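The first chain written gets the first letter, and so on, giving A, B, C and D; residue counts start at 1 in each chain.
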């Protein structure tokens, strides 16, 4: 049984120390024998009624979203699953799969590197979009808020603005489709469309600053727009990206397992690295 | 930009060594500037058309499932997201979140422990169900195949049969609902219903062997039935469980982050462990 | 063979792409068939001549330290190996060891949480000590440099000054002994003693600010003094702490393996956590 | 403060639940305010008296070794620190270091892959050497015990015998030097020399079976001889290898940090992988 660390037999004559129970308090899940409730909802009432995306929302936010909101979340999750084995996370998953560890271990080593640089762009972009919205709420005009928000982001993290531009794709094919879906949802009143507008204004301002050269929104920008539209706090954007990318990580670890190989290195076996250190030292 | 390790500018005048490219060959994803295809499907054709569950299937299996099959996969994924902070994976996620690491790192430390004991029951149960099916295909009667399959599983892994029985829940409330959905899908021809039948026959045989005491199917057994019905190879059952449980892992890491705390230990701060080692040694 | 991803047979008729080799360039290790050199030193010249601590220094810094310097490094490493299972890293190692993963995986999940809060105090303290030294080099008096350095550290990271004070130990028994050894080494000219002096001046200033209440140097402060005396850059202080603490992590993972147990949770099995979320929701 | 999860202030008026304390019982470390004892030895008695290698032994085995025994352990640890960036663990450390995570995280992702294939050879070799010794203890002649032990190892794990042969090095330069040191220690009565003898007999038998072609002992075999001579149980051989290799992991993660780079992939940026999946699918 993979997930039950509790023993029925022992639940009887016990006087608990409430400080110990309180040390692990949570509002996510309530359990008693035969009963599992997430945020108050009995699991048997959720199964078959609520999608995986709705469950992700319920677990992280505390309430059930409507089906249409969940669909938008679902789209953001499905769109970011993989960018191929040149990404360090995916390469790590494939290497790990040849080292004699479990799929869970290969996935963990890979997910672990979705840090500020490799997995943080969505979070950083949500932060910027929300900061711009806050300026507007405080009375700034859109253009001013966008300019100031961009300046702030660049001051904090350098000239590459998280969520915009791509070294490989002139236009990231995922972004326009996702934005279309946001527009559609905004048309139906599912979301406000506000952050899509801010995102596009950022894109326009970046183009203006680059003398007309477009730095189009990329996957991180488009998913950030969706997460902001849906009201997710910025740090969860990284968490959601981890959930999404773990699909690609699993797929590649599994494919590598089937391809076989032992101790897969980064280069074909006949390659050696370039050594650029000191020349041989004669023993003393 | 979180996922683009490739540089457009450099793609021009290069003579590549094909062995290097081949070293990282994959049939999962194809890319060129502006183009991303998963298993042949352009990403812009998938976004908005295909659910997260369908994407998980496409990535791991190579083909798109029908919507009804994907719904069943979705149910298995959403049903297993969490079993509370007494599970080591969840406790680890919460502790990690207080140690000054990122959400991705907290999730990785947690997912890493979904090993043979904590995350392997689904995989082991799929193996058993498939082994029983293979015996039936080879001509054995259902009862004989089930008995032999159970014997084999017990010989391999001991008397606790993966997928059946629960130390905490007399009846795991997730299992019957999931089986209902399998029956429904079988009624509609979405799946064959064969593995639900085998699973129930295993349950009956276990009850017979225990002189009538029921050892009901648990979440791992019910999801194993679904994965087997849908044709997933057994090792992917563990991978899918990792995807599912990572939702609970994220939710708890995030809740702990909001609760605050630094270096959260397993017991309240005023507790010490019991020392049962040698008495103080006098310095020599 | 655990560490050879290269194939002798294939090294013959190959025209390599030097960019691929350069992509993995390093000055740490040079290899050819039958030859392994670290920073220019052939391994067979090092084995039996050079201690583990010297090797750690050679690998991270590029040159061999003298035996006396290495002894001081050895002391810092051996003194910080463990602080018991209330530390999240150690608890994680023990839990992981019951989940059906390898010792390496248990160690990795644990080491992973030695982040800014759980493993960063040494690094932060080295930074402060070095910043104070820099102020002195620029002409400031010791007292002024210490005051300004403390103010800066507190402004950056809050009132708990990394390396000083302990919530459990009135006096951390590891710190005075380590400082004695630094003094001894300074007496012999092995180190300058400068950072021991700065560390003690910080301690005195903290006491002054607390109206005479002592906030004595702890293990992180004492090892930071040693690492600073030996010239390690601050980030390596965290790396060295990881090497040190991984010994305790291994010892506890191994002890737990021998104790047995499956899916060890943070509390005894008969405990449940406190649920403080919404009440049961009636299905719609 | 990196390692004190306990609060002095709270230790006063508390009635503890002993089951909670017992749940985390250990014989490794005992603590009370101002006191830390490892296996009964007060830390202040150990610091300056006992080397890092002796501490590793004390923590994992429960007793202090003699200085000469510890020296041999030290040699095994220092000899296996690194085999260059073609090893998946090292490549992972370097990639991770460019992804915006901490050194501890980069080290964890790397150590995590030292599994059965990448980090298990030493453990497997110790098992074989001990199994051969057990046969001899039971009355078998050396040659018979070696033959049977080899047969058993090959039956379990295939024709590549852990600890012998190297795909890259005709002779692994680390092994003969380590064996010399074992011989020396045996001459001084520090160890028995028994496992060095068994190891060489295995080497001879392998050569006989290969019609005279030598399959010399490699680093894993030589360290396995040392660990067996010193009485370590086989699983600790993997743990010790993790401690050793984590030095190389740290050195490479640190060098990569200094080289810079973002999201370092396995190939230079201008490379793409080979796609060998289905051709583009036309949208339905």
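Here is the rule we use: contacts are C-beta pairs under 8 Å (C-beta built on N, C-alpha and C of every residue); 3 or more make two chains touch, one makes a residue touch a chain.
In this text, all values refer to a predicted model and were calculated from it rather than measured experimentally.
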item: Cα superposition of chain A on its sequence copy chain B - rotation in ° rounded to nearest 5; value: 180
item: Chain located farthest away, centre of chain D as origin (C-alpha); value: A
item: Same-site or different-site touching of chain B by its copy chain C, using the half cut; value: same
item: Between chain D and chain C, distance of the C-alpha-averaged centres to the nearest whole Å; value: 19
item: Between chain D and chain A, distance of the C-alpha-averaged centres to the nearest whole Å; value: 34
item: Junction residues of chain B, two or more chains touched; value: 2-7, 16, 20, 22-24, 26-29, 31, 42, 84-88, 91, 101-102, 104-105, 108-109, 112-120, 167, 263-273
item: Touch-based graph of the chains, sorted into line, ring, star, complete or other; value: complete
item: Residue ranges of chain A touching chain C (in the complex, touch as defined); value: 2-7, 10-11, 14, 16, 18, 20-32, 37, 39-42, 45, 49, 62, 101-102, 104-105, 108-109, 112, 263-281, 283
item: Partner chain D, residues of chain C touching it in the complex; value: 1-8, 19-20, 22-24, 26-29, 31, 33-36, 38, 42-44, 46-48, 50-56, 59-60, 74-75, 77-88, 91, 94, 102-105, 107-109, 111-122, 160, 162, 165-171, 173-174, 176-178, 180-181, 218-220, 235-236, 238-243, 245-248, 250-255, 257, 267-268, 270-271
item: Of all residues in chain B, those that touch chain C in their complex; value: 15-17, 20, 84-89, 91-92, 95-96, 98-101, 105-106, 108-110, 112-120, 167, 262-267, 269, 271-273
